[in-house]
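Two complexes, one shared chain (subunit A), two partners (subunit B, subunit C).
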Partner chain A sequence: MSLQRWSWNIAAALFPFAVLLVAWQLITVAKLVPPNFLPTPHEVFVAWLDVIKDGSYVANIGASLVRLGVGFAVSTILGIVLGVLMGLHRGIADFFQPLASFFNALSGIAWAPLAITWFGLGPAAVTFIIWNSIFFLVLFNTLVGVKAVPMIYENAVLTLGGNRWQVIAHVLLPGALPSMITGLRMGMGFGWRALIVAEMIAASSGLGFMIFDARYIQRPDLILVGIVTIGLIWLATDRLLLVPLERWTIERWGLVSKLQ
Partner chain B sequence: MPASEPTTKIATRAFRLRRWLWRLARASGAFLILIAIWALLSRFADLPDYFLPSPLAVAASMGDLVAKGVLTAHIHASLLHLLIAALIGIAVAVPLGLAIGLNRYAAGFFYPLFNFFQSISGIAWTPLLIIWFGFSELTIIVVVNYTILFPVVFNTMIGARTVPRTYIHAVRTLGGSRWRVIRDVIVPGALPHIVTGVRLGLAYGWRALIAAEMLVAADGLGYMIFSAQATHLTSRIMVGMIIIGLLWMFIDQFLLRPLEEATIQRWGMVHR
Partner chain C sequence: MKVERFIRRFRDGVIWRPVFAALVLAVLIFGAGVYGGLTAERRMAPEVKAVLNTQRYLGIAVVLDFPPEEFHMKYFQAIGTMGGVNGTTVLMRRIMAEQVRELAGHYWIRRIELLPSS
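Up next is the complex of A and B:
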């Protein structure tokens, strides 16, 4: 894509936010809402610089990302491994599907009170909540993906003399890949949301805590700093990590048509 | 006589009953194993009293809560929050999504905005909303509404934009006005996407509802399990969790999924 085209796309994408910013400034200047309800963009910017300067901003983001990273890594690995193992045998997959479905319906945050009872307030409870948000989703999606691989491919490998491992490696894993990646992407989204909520309820550090605490100390400008940060981090994660991952694995192997 | 035996065998009540019981056993088998493990753990593991109440204790707690009407009240509150937020959300989001989807410039303008704000869960806005609306049910409903809005608008937008242009041209060629185009082509054509968006929105909305009820602490299932934690009523927590899971399974399985499938089947859309 030419540089001109590329920069035009960026400008078009940023234009709505510029309009939003202007509208925000106008609302605060025209005093349409009480002053402590909505800080001006400038105040939010200053607050942002402040928390960067005193180091708490980076510390909080770091804490959040570490918890998310650990929770995500453990859940996805466990989810995929168990999902594939369960999916190998149709009978076992059918047997466990209702259970996986139920726990999938039980949102991660519903585990929060139990997590606090078992682990107390702190990073352990938060990571547990994240784990619950992601694990069952990935497990369910992997299960469904493996089950959906047409038997004919399995039979083909077996007919050609392959053993169980080769069936797994060459048929089941690639065949379940779109479903797995969808599960991963959704799981990341759910995990990120669950992280913020969990930190509001059960932690004393991290982005969610920063936002929640800002309400106690009557700093709506810090709340907005946190909110914008959440959006930016998710945007970065999605664009720079997940979409390329999807593109690289699924589209490369021609399993689905080009995604948006 | 031997030829007719197989059909009469399948038709007998006894056989159908056995088959139904067998299916029930298969569906619930995993749950029973889980409950068995749970019961053993709570009985024999060396844990504090409040850590893992036995399944019997949880069942007793559920009975108690139902008898006192507490559980019914909280379920009622939660479902009411969800319903109000969903109705407002759909009423606002569908027209908005259609309007945006139909206009190329509007779509290009709003798409980045929506993409960005979609990633900021409604819950992240809760502290700000508490400042604005206080610890009230209004805050809960606004949070859930915000959460539902985005998937519905997004999917409606996509639905409106993927209606094949030939249909639009057909109606215009036959002399139809713009309104007829919207009513007879765009809305039915976008309907499968809209329903998918509603289903997705409600899934997110349900999760956000529980979380919002925990933070705002007014009433509802989220509040019930969160306050139970403060008083170490672990069996009450587990009752709440089971109800939350079952309720959503019920809503999704028996309300939303059939609705989605019926819409897609009726309007004959192929790709999703």
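Up next is the complex of A and C:
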């Protein structure tokens, strides 16, 4: 990609945000909305610097990211393992699929009251809520990925003398990878949302807590700092980590060809 | 061939983007702690450093650049006994030496001084 094209892409991606920022500034300057409802971008920026300086912002970001990381890791490992097992074994699939379909329909947040009762306020309840939001997405995407691998490849490896493990390692897992990565990407998005809500009701730190706590002290500027931060972290994670991973995976396994 | 592929991937962002993302996340999670740990010494007054290895408990004054808020109060209460707040200074009694070192590792603390009674 040429530098000119790259710059153009960046500018095109930033343009809607610039328009939003200008509109926000105009609305607040024209006092179309009371200042205690919507602070100016400058006030939000000042509040942002303040919370960076006083250490609370960094601590809250760290708490949120660690919780998301733990929840994501637990959900991903369990989802992929069970998804592969379900894809391999009819009996396991028959047993778990109705259960998974049932629980998949429930929002992870719906578990929040029970999670607090079971685990108390704290990291375990938050992790459980995140797990509920990510696990089933990863599970079903892994299952779909494994089942979508044509039987002919499996038979080819077996015909050439490969064993079951080689079929799993060299055919099923790589073949299911694009679908798994899609599941991870969606799961990360859902996990983020679940994390913020979980922190609002079941934690005493994190970005969700920061947003919720700011409402008690009538600080809409802090609420907006939290919201903007969540958006920026998600955007960065998605664009820098998940999209390249997804693109690499689908290119690697021949689902699309790279455009020159 | 492999080198060319690596360069192409790097240029396309397939390699540098995840690496950059991982670095950003690492900085967000660990950056403040690492920076605070590296600069902890300069936050402790010489009198504090002098008694840190000889006294088990210390009375200290934690000087901030701002009046402490809920976040800081909760943290100080979790660390030990708070003796009060005077403007931007938090007085703490019977703080273990290890916890003084931990306190000094926070970048948002300006200075840790020894209370006269220690």
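Operating definition for what follows: the second predicted complex is superposed on the first by the 252 of 260 C-alpha atoms of A that agree within 3 Å, B and C clash if a C-alpha of one lies under 4 Å from a C-alpha of the other, contacts with A are read in each partner's own complex, and residues count from 1 in each chain.
Here is the rule we go by: a contact is a pair of C-beta atoms (placed from the backbone, for glycine too) under 8 Å apart; a residue touches a chain by one contact, two chains touch by 3 or more.
What you see is a predicted model, and the numbers here were worked out from it, not measured in a lab.
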{"item": "Subunit B versus subunit C as contact partner of A:53, first or second or both or neither", "value": "second"}
{"item": "First, second, both or neither for A:61, with subunit B first and subunit C second", "value": "second"}
{"item": "First (subunit B), second (subunit C), both or neither touched by A:5", "value": "neither"}
{"item": "Subunit C versus subunit B, contacts on subunit A by residue", "value": "B"}
{"item": "Which of subunit B and subunit C A:95 touches, first, second, both or neither", "value": "first"}
{"item": "Touching partner for A:247 - first (subunit B), second (subunit C), both, neither", "value": "second"}
{"item": "Which superposed partner A:230 touches (first subunit B, second subunit C, both, neither)", "value": "first"}
{"item": "Contacts of A:31 with subunit B and subunit C, given as first, second, both or neither", "value": "neither"}
{"item": "Overlap of subunit C and subunit B interfaces on subunit A (superposed complexes)", "value": "none"}
{"item": "Interfacial residue positions of subunit A with respect to subunit B in the complex", "value": "12-17, 19-20, 36-37, 94-96, 98-99, 101-103, 105-114, 116-118, 189-190, 192-193, 196-197, 200-201, 208, 211-212, 214-215, 220, 223-224, 226-227, 230-231, 234-235, 238"}
{"item": "Sites on subunit A touched by subunit C in the complex", "value": "1, 50, 53-56, 58-59, 61-62, 65-66, 204, 213, 233, 236-237, 239-241, 243-245, 247-248"}
{"item": "Residues of subunit B defined as touching subunit A within the complex", "value": "26-31, 34, 50-51, 108-110, 112-113, 115-117, 119-121, 123-128, 130-132, 206-207, 210-211, 214-215, 222, 225-226, 228-229, 232, 234, 237-238, 240-241, 244-246, 248-249, 252"}
{"item": "Subunit A contact footprint on subunit C (complex, rising order)", "value": "9, 11-14, 17-18, 20-22, 24-25, 28-33, 64-66, 69-72, 74, 106-108"}
